[in-house]
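Everything below concerns the one structure shown next.
So that you can tell them apart, the chains are marked A, B and C in the order they are listed, and the count of residues begins at 1 in each.
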Amino acid sequence: MSQIPEGWEAVIGLEVHCQLSTQSKIFSGSAIAYGAEPNTQASPIDLGMPGMLPVLNVDAVKKAVTFGLSVGARIAPRSVFARKHYFYPDLPKGYQISQYELPIVFDGHLDIELDDGPDKTTVKRIGITRAHLEEDAGKSVHEGFQKSSGIDLNRAGTPLIEIVSEPDIRTAAEAVAYLKKLHQIVVYLGICDGNMQEGSFRCDANVSVRKVGAPKFGTRTETKNVNSFRYVEKAIEYEIERQIEVIEAGGSIRQETRLFNPDTGETRAMRSKEDANDYRYFPDPDLLPVVCSDEYIAAIRESLPELPDAKRARFVQDFGLSDYDAKTLTSSRELASYYEAVVAASGAEAKLCANWVATDLLGALNKLSKDIGESPISADALAGMLKRIADKTISGKLAKDVFEAMLNGEGSADEIIKAKGLVQITDESAIIAAIDDVIARNPQQVADYRGGKDKLFGFFVGQAMKATQGKANPDALNRLLKERLAG
Amino acid sequence: MHKHSIAELAAGLREKKFSSRELTQAYLKRIDRFDGAINSYVTVTAERALKQADAADARIAAGDAGILTGIPLGQKDIFCTTGVRTACGSRMLDKFIAPYDATIVEKLDAAGMVMLGKLNMDEFAMGSSNETSFYGSVCNPWDKTRVPGGSSGGSVAAVAAGLCPVATATDTGGSIRQPAALTNLTGIKPTYGRVSRYGMIAFASSLDQAGVVARSAEDAAHVLQAMSGFDPRDSTSVERPVDDLVVGLGQSIKGLTIGLPKEYFADGMAPGVRVRVEEAIATLTRLGVNFREISLPNSPLSVPTYYVVAPAEASSNLARFDGVRYGHRAEGAKSLEELYKKSRGEGFGAEVQRRIMIGTYVLSHGYYDAYYLQAQKVRRLIYDDFKRAFADGIDLILGPTATDVAFKFGHNSDDPVAMYLNDIYTIAANLAGIPAMSLPCGFVDGLPTGFQLMGNFFSEARMLNVAHQYQQATDFHTKWPTEYAS
Amino acid sequence: MSLSPEQVRQVAHLARLQLNPEQVAPYARQLTDILGMVDRLSSANTAEVSPMAHPLDMVQRLRPDVISEADRRDDYQAIAPETRDGLYLVPKVIE
């Protein structure tokens, strides 16, 4: 990651457009499924046909309020839709219905964690100025046409919240940390599918630079629609570097809208936005003020799911997990639920369950490029295996083989243990017989050990395990081996 | 047949004196005979009408008919009609056939009314003379050298000439009442939110309201009854049961108190019109109405307020006409910007362009507070004037509808401000959202004039009751322009 | 407040209206007249007045989140000036 040159500081604010996962559009009864044939999900309202009128979707309001409550924001008792005017073919009415002076959500914040080196993190609070409800625009299609562009209005009218941060962000890394946290929250809340490739979660970055200690912000640029965390990082880094270069060369920054090119990692000014924008906002006379009563807000607050930070703290507290494991296991709501199901069903130690889920299972899923929802081993199935570790039927070592077999779809833990004869040897006389055999066959090593070479203990464990085909109960083996070696 | 009231027509249909098909054919014949000179219809839908008439006849035969079943009407060409062009007086929509019906079209169809065609109007309802229509001016049946008023000029001319018994219309700043006054008709604009705006092409959304022009308060009551009601597709539609507008028509109006705003009776009204309005007050006094002078101190500001609010909303509502998804598209545009500018430059007439520019200007950066926001504040002052009057024991308010009788074509065509002042008495009701109506009160040099009633929110029934009682005591509304009497 | 021909051209651009050169001067005069009439608004004392966006003192009604629109693309595009493969066509857009 590139460093900001000495003496300079970047000031970054992010605007995130988050599509709400409703069934229908914000102001019409059209579907919002991704990937449908062009214009098959565009009704006369979405097409801006004459005489058509918007009526607000109840679920879009609920999801916006849900978001607001999750970032400690205030909910406007009365919010107002306004029209934002500009001419563009993906904007059928010539205006976008948005919120301007009175957004539904305002004055919230998000705490992000920054890695300051090994095992050292600091927490920084990023202000959320506002989050307002608005309709998405359609899409222009340029491929496959010579002198034309094609317009698909399926996306027009999809409900969005635009989440606007305070200019509290100073580096590209902070920006990414903020975005990842925001992404995690909206997905946790189930208000957005979070799919960045499909544009469900998009980011515009406002970037300016100034000399450290300068009293005022520099002129900012807005880089549009950067659709992955990595691109956000690159685009911001590029913008910071470019702006500093321009200023150091004696130039000045133009306030403009820029577009990030993922192929070159550069940004460039957008031609279609050359016009100094005069959006001519005014309250939409087709819509009335949206009222959120205290009771309505309280009911939504009641039904909020546990958020990642709270869940993580609870995992540390209740399960005795390390903060690192707790963070991993709460990274998604599905993973956390999976883990909790495993703990509940197995009755095994929470820490052991955490190791298996966070390390073995996630490692395996990663290799398979699957997420937790697609895991070939269900929480119940994994719990079934952990039960057999807990009751000492199998050792942790044998469990690795069982786990592999389960991944391959060879059946439940019990079936695999039975089929492969993997039942652990707990009969002490059998273990003692194996130990005695090892001692008898290795007199030199026994003498050396007894002479003080403690490190050889591992050698004996290995030999004894081998003799039992790995089935000896490790605890018993260790204890008995120590006794027999002591002579 | 064309002189009958709706109640008489309905009785004739029920008693099989004539069928809806015969009635419809009679009107189609009159349109054929007279409308070449008047130009009130933009589209005549004879085939559709006869089909509807046959369906109505079947309903009547089956005993499944309401009072409006089988009664013909004209629809202002601002209401979208599936399969029939809705041009809104504009070249922009010359080829526009909506794939949906306006709610009021659905409702009147469901009541069994027979649509004879779509009626001419000022382009996008912007005008007071019907001279801005892409389809040409409409003549006033009382004097063909004069305008019928606007924007519902086609609606009033058709009813006044007996080319339909009743017509729908819309009123954003007086577009029902002023033309009704100029053609000897009864026109009512109900409370904002009483009639759905769904499928009605928007001019100024916070002011637009659909209503009726008819030859009597009673006829208007029947049709308004059928048009009114809650519509979930319009966020500004009011969820409130509709009063029975017909049953109360016969009530006594003795003891009602009607306010006379002194500002409406100051200078500005033509002397001949003043005489007729004062006679109407005298008639109502004889019927037992009490009159009291009131003050609506901010009414002189209603025209300037309107000419900020209405163009601002219009500039926004008309931004959708860009030649991409429907409507006029200029030939040979090489760039997107050229496509927009040429399509809109060619598609909109001068008055629409003026209002779009005024609206764009008053909303633009640096002017918003001085114009738009200030206009919204003055709008509240105007609204508060009415609220105060109605809280002070006033049942209705009476004043002139128009400053004068119908003027000659071309009279104000190069002076928009003079044209706008035609709306001086009608605009305040739209700004406040209250119901208002105009009804005939006699003639000045052979030309009709009318007076206006304004009421509190949802007082349509009371207004119509007063109008009906007045019409029981007078016969102005029964007069016909000679040429169309027979 | 008077509007210069240059301002008329700017407003026309913002509203995407192509004006013939000979229209600009009369428009400038007429719009100036209209704004002159509208300027009377500044005489009103509105210091304590809250703006009125709407005549109805109601709140926004909410629609249930259900899909109620079927695909009627062919009907809707039957009135479109130019389409191909279900897309509305415009002169090439350069972003």
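Some observations on this one:
The criterion applied here is as follows: a contact is a pair of C-beta atoms (placed from the backbone, for glycine too) under 8 Å apart; a residue touches a chain by one contact, two chains touch by 3 or more.
Model, not experiment: these values are computed from the prediction.
The chain with its CA mean position farthest from that of subunit B is A.
Taking the mean of all protein C-alpha atoms as the reference point, the chain centroid lying nearest to it belongs to C. Among all pairs of chains, B-C has the largest number of C-beta pairs in contact.
With each centre defined as the average position of its C-alpha atoms, the distance from subunit A to subunit C rounds to 41 Å.
The distance from the centre of subunit A to the centre of subunit B, with each centre set as the mean of the Cα atoms, comes to 57 Å.
One inter-chain figure worth recording: subunit B and subunit C are separated by 23 Å, centre to centre, where each centre is the mean of the chain's CA atoms. Among the residues of subunit C, those touching two or more other chains are numbered 14, 16, 53-54, 56, 58, 60-61, 63, 72, 76, 82, 88, 90-93. Within subunit A, contacts with two or more other chains are made by residues 44, 47, 49, 55-56, 87, 89, 151, 153, 278, 280, 285, 287-288. Of all residues in subunit B, those that touch two or more other chains are 96, 99, 206, 232, 235-236, 315, 319, 322, 324-326, 336, 340, 360, 364. Of all residues in subunit C, only 14, 16, 53-54, 56, 58-69, 71-73, 76-77, 82, 84-95 touch subunit A in the complex they form.
On the side of subunit A, the complex with subunit C involves touching residues 22-24, 28-31, 37-44, 47, 49, 55-61, 78, 80-81, 87, 89, 140-142, 145-153, 259, 270-272, 278, 280, 283, 285, 287-291.
By the touch criterion stated above, subunit B contacts subunit C in their complex at residues 95-97, 99, 192-193, 206, 232, 235-236, 238-239, 298, 300-301, 303-305, 307-308, 315, 319, 322-327, 329, 333-342, 344-346, 348, 350, 353-354, 356-358, 360-362, 364, 370-371, 373-381, 383, 414-417, 420, 431-434.
Interface of subunit C with subunit B (complex): residues 3, 7-8, 11-19, 23, 26-27, 30-31, 33-44, 46, 49-56, 58, 60-61, 63, 72, 75-76, 78-82, 88, 90-93. Note for the complex: subunit B touches subunit A at residues 79-80, 86, 88, 93, 96, 98-100, 102, 197-202, 204-206, 232-236, 312-313, 315-316, 318-322, 324-326, 336, 340, 360, 363-365, 368, 372.
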